[in-house]
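Same chain, two partners: chain A is paired with chain B first, then with chain C.
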Partner chain A sequence: MTARPRLRIGAHRVRVLLAHFLVNLRDQGAYVGEVALGGGILVVFLFILGTLWEATYRAQGAETLGGLTWPQMTWYVTFTEAMVMSRVNVARRIDEDVRTGDVAYALLRPGGYLTSRLGAYLAERLVRFLFTLTLGAIVAMVIAGPIAIDPSAGAAALLVAAGAFLLEFVIVAGIGLGAFWMEDTSSIYFVYTRVSMLLGGLLIPIELFPDSIASVARILPFAPMIHGPARLALADDASGLLPAMASLVASMSVAGALVAVTYRVALARLTVHGG
Partner chain B sequence: MTMRDDEAAIAVRDLSRSFDRPDPTVRGWQRLVPGWRGYRASVALHPVNFEVARGERVALIGPNGAGKSTTIKLLTGILHPSGGTARVLGQVPWEDRADLAFEIATVFGQKSQLWYHLPPRSTFELLRHVYDLEASVVRRRVADLTERFALGDLLDRPVRTLSLGERMRCELAAALLHAPRLAFLDEPTIGLDVVARQAVRTHVREMNSRDGTTIFLTSHDAADIEQVCERAIVLQAGRIAFDGPVSTLRDRFVRARSIDVRFVDPVSAPGTVPPGTNLVETEPQRWRLEVEGASTAVGPVVAWVIAHGPVADVHVADPPMEEVIAAIYRDTDALDPVANLQANP
Partner chain C sequence: MLRFVAYYVGANLDVALAYRAAFAAKVFAFVVSDAMWVAFWWLYFERFPSVEGYGFRQVVIVWAIAATAFGMFGGVAAGATTIATRVARGELDFYLVLPKAPLLHLVVSRMDPGGFGDALFGIVTFAALARPSLEEAAAFTVLAVLATVIITAYIVAVQSLAFWTGRAETIADQALFGLITFATYPERLFGGPVKIVLFTLVPAGFVSYVPVRLVQEWDWTLAGALSTVAVGATLASSAMFRLGLRRYQSGSALSMRG
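Let's look at the complex of A and B:
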């Protein structure tokens, strides 16, 4: 048998990715309770955040803060919470696969280990995101009422959100692959989630950050993943799409290169050194 | 047995593997000293040689730590060797792992590839894409496997509702979906009840006879080896201690065969017994004798017994395979060296 051409391998990978995505989508039905529990927490968070922002606007006597009215701010945190609460801890799953040796067994099947993990991640993330966003929208509607969303800006926001999902997979997969060298990667994941929530603009838009912190936040990949899609959804048009995507692509290039090298070294550790 | 490496299903030449293990005598702070590595090379597999012909059914057996898992990992390409080479279906596994993956099947008794909350059909659909198969080919294949493995309605029931035996049948069918030419089966019957174990063995034999799939099986279960495989390779401390037919393994290893005799009428105990024979039990109408080693012929002993009186029944028994394997695990030196078809380095 001759080796498969690269183009054919690429097309095969895409089909395998899609197949993993679809089978995981069907499998999500078994985890309705888990998702619903996350939804309950989201409702509580949004009520608290909406009330806090209302009090802040009243205390400041301001009509807008960071260019957003209070109803828009409530919808902003709804979107950022949907981005954060729909997170899937891929790092933990990869960590487990490395520790139990399942990663070696996965290598015995065509299609690639990370392809299967990405397919599973995207399916789970999509279900969680749609659920939290829908539930959050209902809560925001109750708290702050409806707001006008430009359809093109809304669509652009969803595109950026999809890009953010991919970038987060790359970063978090990299953390999980750390299990080849470390006893436990959960502490790194914990730090990642906290830093990204703080500097990504989960509770406060970047525009309201002090200048020194805002300039750091704009360089790091967290704001394009959390603040980026939420702010774009509330924009008047989709003109922010290209800069947001460019920022994601730049972060993904760096993170992707690092993870690709890490994966190669990890595989060599497994296959050459025996894990 | 010699064949060209690309003709054999598996051809292994001086394949070896060592691992660096932490040296327990080196303390933590000493590992920080440059040049003081604190690791020792531990040999998991000494240079070994063997071939498996296409369509053969071979068992790789040995106690824990003998090098079975290392051998399988090397042959499936998830481990690089320290020395030597191997060809699996004509390919070097650690160089051509991605291509080889389309040609082989791996079944690990303790690792399921079925989706727990979904029906097996969903896994089959996923595997269709993983193995890059045409939908029409898979439809025919699933119909065939459904008939052979009696899957019926199992295909559409969530895996969590299936019994262990039913799950294992689906597992085997999933492994065969892409018509592999070589199947690595690692403890395929572990945790199954007697009936399910029997069914798995039957299906594996059928997979071999009907599809010509080469079987490379590891198991601690004697019946798996005896009922499925025609040849056994025994690994002991990383070396091949035996490589030959399963029947030879037993014949060569027989230390004592037992002869149970039931007489028609009571007979008196004999004063002497033939050389190499022990009289273990004597009752008025029943004797039990042990004939030592494989070299002592049983026929003359039976003739000697019959000379003592009319016999109602004679039963000559080899030790069960389980005992043979247990003895191999305890001490490979106990094997008759003549049976060692391969000299070890």
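Let's look at the complex of A and C:
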């Protein structure tokens, strides 16, 4: 069987996406233990990074580094960790669907395969993000104390974070679709998480990178997904919203086009045996 | 015993190499992952010359020792990470009837191909970035082996908690994660009660901090103490496993082993 790929976005597809999102949102209660495990890891990371940055500010005798005070740096790392630790490995699920042939059955459902995967991804990502951000905020409060966050900047940061979730889905779905050609895509996903961690500014803000590396990092899609929302949350106002969204849209356009082509080619290769 | 372990490692490697592309991809992924962490430290030290007396070379040695030791653990003794699951499922029967000690069989029964990536990264990074003297290289080799022994003993002990608690996968995963994380940051960042924890409950001090000190400045007394810790930890974790085994209940599951 071969299937005709459909990637159009219409009202019907949005309704299906919303339905998948809501159903999966209700299911998230079943995975509380796994999310809590990630919470323990987050606490360890934030403790170590808070200690590292405290030692750095002390050694430098500096009030600010990269435009951030030490408490702001701790909150910056908290936000970037929330972005990274709330990741959902959609690539593995798509990889499994391709190998088991489940992708063929999912294609027959309303809205198509990627719509159902996107709905499930957004529900899981949202729950993980809110959990890690809340827990991280508590840890940051203990380590560095509270900081003033401008409400409009905070709201803008959440908006950019939502855009970042969508961009990451596109990129990671592209990795998962690699299963049509490759023996194993888990290694590619693993490399993606590590490269994005470094060049996205997870541990060290891009403002503190050497100029040559910073200019490369600003071109790649990782910084808009990790550094972008975290830096916006600590800004004095929401004026950084438009540039941050523009970066996301630019990255989304390139990644989306590549994944759309990959999806079409992949489905044209799809062959189902038996029933 | 060494010949027995070598045979198992060879057999595990044959199995892993049955999927050559996947094996190579995993090794590559682990090398890249480790490289990203060292790259983070490079970025850091490009901006700040030192932290708590540590410079880039010291952090490279931290990473080289930790990556090599955890890599050797993954390549040789990854079976230790399956003890809790096997106890919970009552799947130890197969190992109990074998002529060699069941714990040794269990520990070497699995291999994590990513371990080869870690070990490869650790050795190459040490040679290329730390540019060690001959003495430092010799110390590195011995200390990486001792660190591997301590990691294995620690994981066996934590996984063996399953004999008493029923399930211990989560706490064992957290323990391994905590050990890896703390072992890859400079020792002097941590003080007070945290440091006590790092030489007891989460022995990153013995896995990384003491070996790093010894690579930089050899001290026979400290080396002797570390060796004693390695032997003591091995004996203690083996005793804990044997003690736990008395509480083990078979799942009576029938399974085929190919």
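We adopt the following convention: the second predicted complex is superposed on the first by the 261 of 275 C-alpha atoms of A that agree within 3 Å, B and C clash if a C-alpha of one lies under 4 Å from a C-alpha of the other, contacts with A are read in each partner's own complex, and residues count from 1 in each chain.
To be clear about the criterion, contacts are C-beta pairs under 8 Å (C-beta built on N, C-alpha and C of every residue); 3 or more make two chains touch, one makes a residue touch a chain.
The model shown is predicted, which means the values in this text are computed figures rather than measured ones.
When the two complexes are overlaid on their common chain A, residue A:105 makes contact with chain B while staying clear of chain C. Shared-chain residue A:23: touches chain B; no touch with chain C. By the touch criterion stated above, A:204 is placed in contact with chain C alone, chain B being left untouched. Contacts of A:12 after superposition on the shared chain: chain B is touched, whereas chain C is not. Of the two partner chains placed by the overlay, neither chain B nor chain C lies in contact with A:69. Within chain A, no residue touches chain B in one complex and chain C in the other. Looking at the complex, you find that chain B touches chain A at residues 17, 19-20, 73, 76-80, 89-91, 94, 96-99, 101-104, 106, 108, 111, 113, 115-118, 122-123, 125-126, 128-132. The residues of chain A lying in touch with chain C in their complex are 33, 37, 40-41, 44-45, 48, 51-52, 55-56, 59-60, 182-184, 186-188, 190-191, 194-195, 197-198, 203-204, 208-210, 213. Against chain B, the residues of chain A that register as touching in their complex are 1, 3-4, 9, 12, 15-16, 18-20, 23, 26-27, 29-30, 102, 104-105, 107-111, 270-274. By the touch criterion stated above, chain C contacts chain A in their complex at residues 19, 21-22, 25-26, 28-30, 32-33, 36, 39-40, 43-44, 46-48, 50-52, 170, 173-174, 177-178, 181-182, 185, 189-190.
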